[in-house]
Amino acid sequence: MRTEKMVLNQERNVTLTAYLLEVEGEFGYVRRRPAVLVLPGGGYRHCSDREADPVAMPYLQAGYQVFILRYSVKEYAAWPNPLEDYEQAMTLIRENADKWTLFPDKVAVIGFSAGGHLAAAAATMSVNRPNAAILGYAVVSSDVKGCNATAPDTVSQVDKDTCPCFLFATRNDEVVPVMNSIRFMEALAKMGTSFESHIYSHGPHGFSTGDTSIQCRDVAMSCRISDWVPDSIGWLKEVLGDFGENGMTSPAVEGHVTGDWKEFLSIECTFGRIMSNPEGRKVIEEMLETMKKQAEESGQGKVEVTVESMAAFSDMKLKNMLGHVSVPEDMVRAMEDRLSRIPNL
Amino acid sequence: MRTEKMVLNQERNVTLTAYLLEVEGEFGYVRRRPAVLVLPGGGYRHCSDREADPVAMPYLQAGYQVFILRYSVKEYAAWPNPLEDYEQAMTLIRENADKWTLFPDKVAVIGFSAGGHLAAAAATMSVNRPNAAILGYAVVSSDVKGCNATAPDTVSQVDKDTCPCFLFATRNDEVVPVMNSIRFMEALAKMGTSFESHIYSHGPHGFSTGDTSIQCRDVAMSCRISDWVPDSIGWLKEVLGDFGENGMTSPAVEGHVTGDWKEFLSIECTFGRIMSNPEGRKVIEEMLETMKKQAEESGQGKVEVTVESMAAFSDMKLKNMLGHVSVPEDMVRAMEDRLSRIPNL
Amino acid sequence: MRTEKMVLNQERNVTLTAYLLEVEGEFGYVRRRPAVLVLPGGGYRHCSDREADPVAMPYLQAGYQVFILRYSVKEYAAWPNPLEDYEQAMTLIRENADKWTLFPDKVAVIGFSAGGHLAAAAATMSVNRPNAAILGYAVVSSDVKGCNATAPDTVSQVDKDTCPCFLFATRNDEVVPVMNSIRFMEALAKMGTSFESHIYSHGPHGFSTGDTSIQCRDVAMSCRISDWVPDSIGWLKEVLGDFGENGMTSPAVEGHVTGDWKEFLSIECTFGRIMSNPEGRKVIEEMLETMKKQAEESGQGKVEVTVESMAAFSDMKLKNMLGHVSVPEDMVRAMEDRLSRIPNL
Amino acid sequence: MRTEKMVLNQERNVTLTAYLLEVEGEFGYVRRRPAVLVLPGGGYRHCSDREADPVAMPYLQAGYQVFILRYSVKEYAAWPNPLEDYEQAMTLIRENADKWTLFPDKVAVIGFSAGGHLAAAAATMSVNRPNAAILGYAVVSSDVKGCNATAPDTVSQVDKDTCPCFLFATRNDEVVPVMNSIRFMEALAKMGTSFESHIYSHGPHGFSTGDTSIQCRDVAMSCRISDWVPDSIGWLKEVLGDFGENGMTSPAVEGHVTGDWKEFLSIECTFGRIMSNPEGRKVIEEMLETMKKQAEESGQGKVEVTVESMAAFSDMKLKNMLGHVSVPEDMVRAMEDRLSRIPNL
């Protein structure tokens, strides 16, 4: 492993530290690596070492290139300085993808507390969006103004380009109320964005990885707290893919949980979405008509499925619904073909 | 282990199955056991076996007495029938605490999907409240009306007597939208109630324990899903206490995360709560006054802590705040004494 | 789940308790289940309840039919009574495979301490061999005579029909010295038998599952001890296969780690084994000869691989060795064909 | 974290890479750290990068200072060159304990395959013994001569100064037969040395941490394999102590499992050991005599415990035995006092 430390902004004391793993050679099939950009917390007053190196290690072990951004704090913390620092760092990381042997479209951001605010801002407001975001006891709501008066609420900024998110926090955090994480989940859910979240029963603010060399073992704390580390790695493998003999495997989890946020309709859209589109509705109604006819002709008796009976499952993907009512494959393909030409507005 | 099956309501086909473990003898220090009441799901159309026995097993292994309630479904599902069934079961369990060697004040309820709705109703609306509730991909909002038109929304029913809750679900559940769990967390947070929650990135509705003998291994599913089983047991130990040589140990997690819901003020209340109470505010202001004086007299210089500087931490327990600013112990005790006589309205 | 209790031997007070799970219906693709036969410990003086029901639960959760044998103890403990009890139980289980919806060729045995001795005897000396054996802090050597003078050493009985074994124990067990497990592993290794083993740093004899309701939490004990429970289930899935949509999946681990114990040679045999067989050696020498010729003819230059250079890897399967030196597939198939006709003596 | 790379031997290309974590400041109570010295494998032909950095990361995350020794290989591999390299590295690490803020008496060594041989040699033959040793699929027997003709068997070198060991391997390793680990465990057991060991059912040689970026996920491998990483950290905390607010906590596991290897007798010795010492035997016989008398005088009836009845538990610590038969505390203290003056030969 080699280390590089770059000064991004001399005046504001902004630095980017890179921990770079080798590729190929003894790492054979590994030619590039996904990457993680770490944003330590510290209430925009400092960048905590507790949430820097110790956080880098598990991702390095998992084979990720890791970068730590020490962004503008104290007198330089005024918005949008920290976000500009992020943009600069992310641009640099992606521009140097070849040199640093990383996948420019597989760069996750992880932030804690105020750093979690910055990570959430990156996920919702930046130009250079990350490909996944991990938010640790992050102050994502306007609560952030308690430590940085100029920093914006990010919950209201969640948009359809927001990447999949992984949130963790403790229920009884006295510094960043748990409502921050709840509000963010709600915004993601409304936007159809993929996420995972773990709210642990109890533990202090700022536990970092929860390792005993960081968070004193005498403090009351759920023993499940440290699970977020391997869990977040398992989740990154789902969202960015895993190392395979021929490059990274396909992600198991997409950015949105349904096709409802794509440009054109598809059988990955929810039944409700398709039915709310007049042309989409026509495709489904005709399908039901055809099924009825075929059933009658073949003497199978009546088809009981109606638009009304399906309405109870308006959140289900059409694909899964068609599977449940055993629509023949050629009919599914015909519908997919027609839907793919209907703009999803 | 012995099994008892009791008919609670012949007409509505309501039964309670008890799996009862031995105590004492070779289980020496175990004289009574905590208990779990399982409420299987099934859309109020049936009670699924997938969420009955397989769910009982891990709690039996952990040393709990386990009961499975098969409540009113189909034509008998009209509200409040299922809740009445629950009340009857919980009453029976507690009345037979001696015979069944269980702690009547350590009975948790666990429900899945529609059974999760019933568990949430038990936690928020019942007369015989459970001591903890585990809600698995539970339909707790008015979404429940999709499967049982007469069943009530439970989110709006969360009250100060609601027990600690453990929630789990998958982000892409197509049958019970994840918003159900989010709304319930929000209601619990507002009420100061303890909880833990795990929203996994993806998995089908109805995965039960996630074991391969229940949920087909070919279905796309986060591999973290099964963690809810040991995690819920770890959480129950925090909320109900763990087996110790001299009875159950003290719980590590209380019903509310602060003292704000108690009858009288205390240093367990948040700073914000105490300051919003005129008499409470007086106690704090006088404390600051005394500290200033003492500091001046002892020549230590000015005390910088003011009501205003503390206001940023309005969610912090007074106890922890006093610890951070090193208030002497006798002063803490004096404050505790005065606060304990101020009604918390 | 239904429970059956059968008396196997009235006089000796031998009973078999069956915990039987449902199949099909809501368990759809599950038509039969693998099974586990539990042999509690107790120094052949009694059958401990601590190692009966609590052990049954995790296997029931994993979808196994579970049987608990309370075998001959005290005045009836003289050998071969306990082994006869085992034979009777295993015969009954397999004869009732249809009725109890289990796979007769997927029945594992699990024993603890003296029950682990009986499980080891079952695995090495019985007529009705189990398909897998889990040995918990088992007294498998002649140390058993300390509690049952007539009971035999089982280490010396390990034979080529011994099933795969999973062993666990603690290093500082003061009742059954760890050397018992080491000697058994050694015997299995010599016989080429598959096994897994976990020796934990410290913990008392008789911890069972290590759950706090069985083993007092105040006793010094490695916190990894309880891992044997899920680990043994993961291992059983490798050895017996896992639940799949179309019956159980193929085992990932075979009874022997190489083909050296099969009736005829194959490329699954170790290089050493094949070379020690005159006819087998000829197959390999001719293969090398052919490779040399082909290489010379094709102008690829010399083939450097010789019988001597391969000798350093006498424990490697020929299959893997051929893969490393890139032997063409048709040549591999030709060798496999010839080897399959050479008796392995 | 800062990195230092030191050349230990220019000619033989021996280097020591140090990954050094900060202390104090934000790491408050952490003033020094335990350390791990990594010895990569590679058949004494090279030092594999697969077993260098990826292995360092989890220990860095756990708060350890980590050193990687690239020792003498190829033409320089002749014994005792590699062991000399180790001695030099360990001396340097301990001499710089202040500068590198580590505990000189809490330095573990971890080695893989041939590096595991070197780690075993360090644990058994070196002048500068490590405080704990982790041996991964290590070639510890004379099998090592297959890759380094001059390297010694280490099994026969296990002595009473050998530190606690943690071993892991796979049952079907075709390069380093599992018998290596078994023989080493046996030698440790005979010497009374503490150890933990995990033999996984199957997996290839050289899997390192088992992470997908190192060991291709398409290779057949027990999914428990990666557990050795957190398990070894848990074990190190038992053997070296854990981070506490006031320095490291006391170890839960001592170097020897009983007092039998100490200079003088104690109640931590096994009953067998004490009885085999004429003076020790006298202490026990007199104790029994006294107990009998006291029982008779107090009218409690006969004391049934005899030297003969206790003989069955010759592996039990006297301390535990006295606890079981309820010997009064003052008598225990008197015995402890007398035993402590009897040399243990």
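Each chain gets a letter, A, B, C and D, in the order it is written, and its residues are counted from 1.
Operating definition for what follows: contacts are C-beta pairs under 8 Å (C-beta built on N, C-alpha and C of every residue); 3 or more make two chains touch, one makes a residue touch a chain.
Chain by chain, the UniProt names read as follows: A, B, C, D = Acetylxylan esterase.
This one's a predicted model, so the numbers in the text were calculated from it and none came from an experiment.
Repeating the C-D interface with over half of its contact pairs identical by residue number, the matching pair from A-B, B-C or A-D is A-B. Subunit A and subunit D have centres, each the mean of its CA atoms, that are 42 Å apart. Work out the mean CA point of subunit A and of subunit B, and you get 28 Å between them. Interchain contacts (touch definition given at top) occur between A-B, A-D, B-C, C-D. Within the complex, the subunit D residues that touch subunit A are 1, 3, 21-22, 25-30, 33, 48-50, 53-54, 57-58, 60-63, 209, 211-214, 216-218, 229, 237, 242-245. Every residue of subunit D that touches subunit C in the complex is listed here, in rising order: 146, 164, 171-172, 174-175, 177-179, 182, 185-186, 189, 194-202, 220, 222-224, 227, 231, 234-235, 238-239, 252-253, 257-258, 270, 312-313, 315-317, 320.
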